[in-house]
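Here the structure is laid out as structure tokens; the discussion comes afterwards.
Chains: A, B and C, in written order; residue numbering restarts at 1 for each.
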Amino acid sequence: MDFALAFAQAITKGLLTGMVYGLMALGLSVIFGVMRVVNFAHGEIMVVGMYLAWLGFELAGVSPLVSLPAIALLFFAAGYALQAGLITPFINRPEHQQFLLLLAIAILLVNVCLVLAGPDARGVQSEAMFDSYAIGPLVLDAVRVHAALAAIAIAGLLWAFFTRTRTGKSIRAAADNHMSALVVGLDVRRLYAFTFGVGSACVGAAGALMITIVPVNPFLAAEYTLLAFVIVIVGGLGSMTGALLGGLLIGVSEAVAGLLLQPSLKSMFSFGLLILVLLLRPQGLFGGKAGT
Amino acid sequence: MSIVRLLIGGATPRALALLAALLAFLVAAPAFLGPYALSVAILILYFAFVGQAWNIMMGFAGQLSLGHALYAGLGGYIAAGLFFHYGIGPWVGAFVAVAVAVLAGCIVGYLGFRFSLAGVYFALLTIAFSEFTRIAFDHWTWAGGSGGLFLKVQGGVTDILNLRGGATLFYYAILILAVGAFVLCRLLLESRLGRYWLAIREDAEAAQAVGVPVFRCKMIAIAISAALTALAGVWNAFYYNNLFPETAFAMGRSIEITLAPIIGGLGTLFGPIVGAVVLTGMGELFTDLTEHLKISGLKQIFYGLALLVIVIWRPAGVWPWLAKRLGVEERGR
Amino acid sequence: MSGARLEIEALGKRFRGLRAVHDVSFAVPAGAIHALIGPNGAGKTTIFNMIAGVFPPDAGAVRLDGRPISGLRPDLVCAAGVGRTFQIVKPFKGLSVLENVTVGALHRHADLETARERAGAILDALELGDRRHQLAEALTLPDRKRLEVARALATEPTLLLLDEVMAGLRPTEVDRMVTFLRDLNARTGITVLLIEHVMRAVMALAAHVVVVSSGEKIAEGTPAEIARHQAVLDVYLGDAAGDAA
């Protein structure tokens, strides 16, 4: 019975963390879905978000959940500027040039963090860290529950944005068919900047949530970039629901692999899954459209 | 057609003179370079060599691999492991290392190309295999696990048979590898296979329609590329005398391999060499500049900025631009 | 076999349940020039792709000189003697015009120097000789169409499949291409099957015309017969009426 409980505990923990993973991957997926640009600086942007939330807490005692909207807004603006200023000229360039551009941005972001905050892990320590909710025999960390709920709320907002607002619908139209969007006169450049803004806001918000669960150091960035890739490919590159479900799947699989095997083997499972999905179902487990 | 003509056909006398001067300089270099300059030269040649190997995949055949650390890591680990455990020297070990790396390359290639993964999807497959192997090596005790594998350092002994010795030995070893790879690439490019690669890079469907066996050509590209990269790994393991999965198979290692050819000029023969000079030169310059500031990360910031400048202003690479200045352009193709 | 170079027998193809080509049969005798016409979306290019091996047919067979070639990979179909052009031209953009055609010539001549000479001769014949050192991406559309033909010819095919190589050409350029193909056919006896919308070229070149509509063959005959064929007129007038609406 002990094992069954530990198992259930691991799954719930994985599901809660997976929601935040999903939100992070959602940002990558939105950007790729619309612009077909792979954001190799995604984990780096995430880590910047984590640092900002940590800074707000250290300097002013603001909880990351409170500073989240401000961080999201700031990341939206920064993402918009980055796209409009740097990335737009690269949209129709070969993939390896886009890769080099985003790699340069990634190196800059992560090392600015390193210079400013140092290599040590920085975490948000508070009383609430140790709160928990009990559901029957299950014990859930309060911070994880809050982070997951916030992630769900943000994903809901995004869904509303993409289905209810004019700009959101235009972005989806541009994602479905670039040419026809041009034909009907959508300002594609502005939409692209907007999209990169939304994607950055997503991952910035995910960063603010993640810092409540995991302490941050600059070297996490590359890991998060890879993790986001794994999730969106498994879920279906360009698919919003796919990113969220992929996040849950990877969150749970990591937690369960950590329980059953050695924790250090947990990402082996993720990469194995990535290889299988790439080969057998490149449109992703939850994606509808073929992904090429 | 003679090999000589294949090698130098189409090159202007001016280009040949420059090339001969460069080669003479490289052969004589250890005689007058100090230890620091020699170590920089070694680094440049290493990146030129491994970049040339990667360039076969991406620059020639157009297949973006971001997991080349897999072949370098396998090569290094196998040769070092054979030497460490059984005393088998690297000249024999290299054959085993190359065989294993080629096998790994063929597995990645077979899966990627059979399932027609292209572009980013193929790149992610290569990353996944490299990361998967990294974690496997973390837990493989024969290879030392995450604690690493260390080769004994014998001060002052030069033992060419076991590739043990000082910087000069390693300089000439990597020089021979780099020159060999350059010559090999030139010969490949001037062959039917090379032209087929370029056609595949430009448009695989059109290439196949004019009779190019696309799958087979891609497989040969990844096999040759993996073999050369494995040799770089063997050299690397014996030069540094230590191996850790965290660095040998890291994504950072894979990215490092791609930078010289991208910055120098994809698909060109001199691109990886020029790129290696630019990159290593920049790296050393920024190390000097930031050394006394004692701020970790500052060097990387300069590095990132320099990359940004290059990709924005010289997206086709430094070499095509430089070649025009020198009046020695590679023939348009 | 009746001396037919190309035989298409009851060819069929479905895409996601949609019938793209259904029960199409026709033959092209060795040394002849035939045309395949029909409104947009009739399935012409799908038929070409099945001949060239881009995808296998769901039903029926393709034979070249009596030898079945359906289901072969495109490079093997090319090796069997079929050269093709693409409706949406696919030059090797980053290579020079000469190198583009050289890749084709390498198929029969492994030596690079020989292949280059062959390619040069073909370019001269197609009036692209003076552009041989330009990058293919710098060519205008009419030149790209000619490059497409040159590259296919370089593989020394016995059957040449031309997919709308006249589209986008000015009338004088169409006439030059027609003259080139007619001379080539007379000189080398190459068999040609062309998909074409430019009726002026079809009438001038083709001895025999096959008409497809909605994936099915609706008529075949000499150009003069086709011009009088009621089903063809219905399809084309219907198509024109649809375009006008």
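Observations on the model:
FYI, a contact is a pair of C-beta atoms (placed from the backbone, for glycine too) under 8 Å apart; a residue touches a chain by one contact, two chains touch by 3 or more.
Computed from a predicted structure; not experimentally measured.
Every chain gets a centre from its CA atoms, and the centre nearest the mean of all protein CA atoms is that of B.
The most distant chain from subunit C, with centres taken as the mean of CA atoms, is A.
Centre-to-centre, using mean CA coordinates, subunit A is 49 Å away from subunit C. In whole angstrom, the spacing between the mean C-alpha positions of subunit A and subunit B is 33. The mean-CA centres of subunit B and subunit C are about 43 angstrom from one another, to the nearest whole unit. Within subunit A, no positions touching two or more other chains are listed. Of all residues in subunit B, none touches 2 or more other chains. The set of subunit C residues that touch two or more partner chains is empty.
Residue ranges of subunit C in contact with subunit B, taken from their complex: 52, 54, 73-75, 78-79, 83-84, 86, 90-96, 99, 102-104, 106-107, 110-113, 115, 133, 135, 151-152, 154-155. The touching residues of subunit B, counted against subunit C in their complex, run 1, 190-192, 195-196, 198-199, 201-203, 205-214, 267, 332-333. Those residues of subunit B whose C-beta lies close enough to touch subunit A in the complex are 58, 64, 66, 111, 115-121, 123-125, 127-129, 131-132, 135-136, 138-139, 146, 251-252, 255, 258-259, 262-263, 266, 295-298, 300-301, 303-305, 307-308, 310-312, 315.
Taken in their complex, subunit A has these residues touching subunit B: 38, 86, 89, 93, 95-97, 99-101, 103-108, 110-115, 118-119, 218, 222, 226, 229-230, 233, 262, 264-265, 267-268, 271-272, 274-275, 278-280, 282, 291-292.
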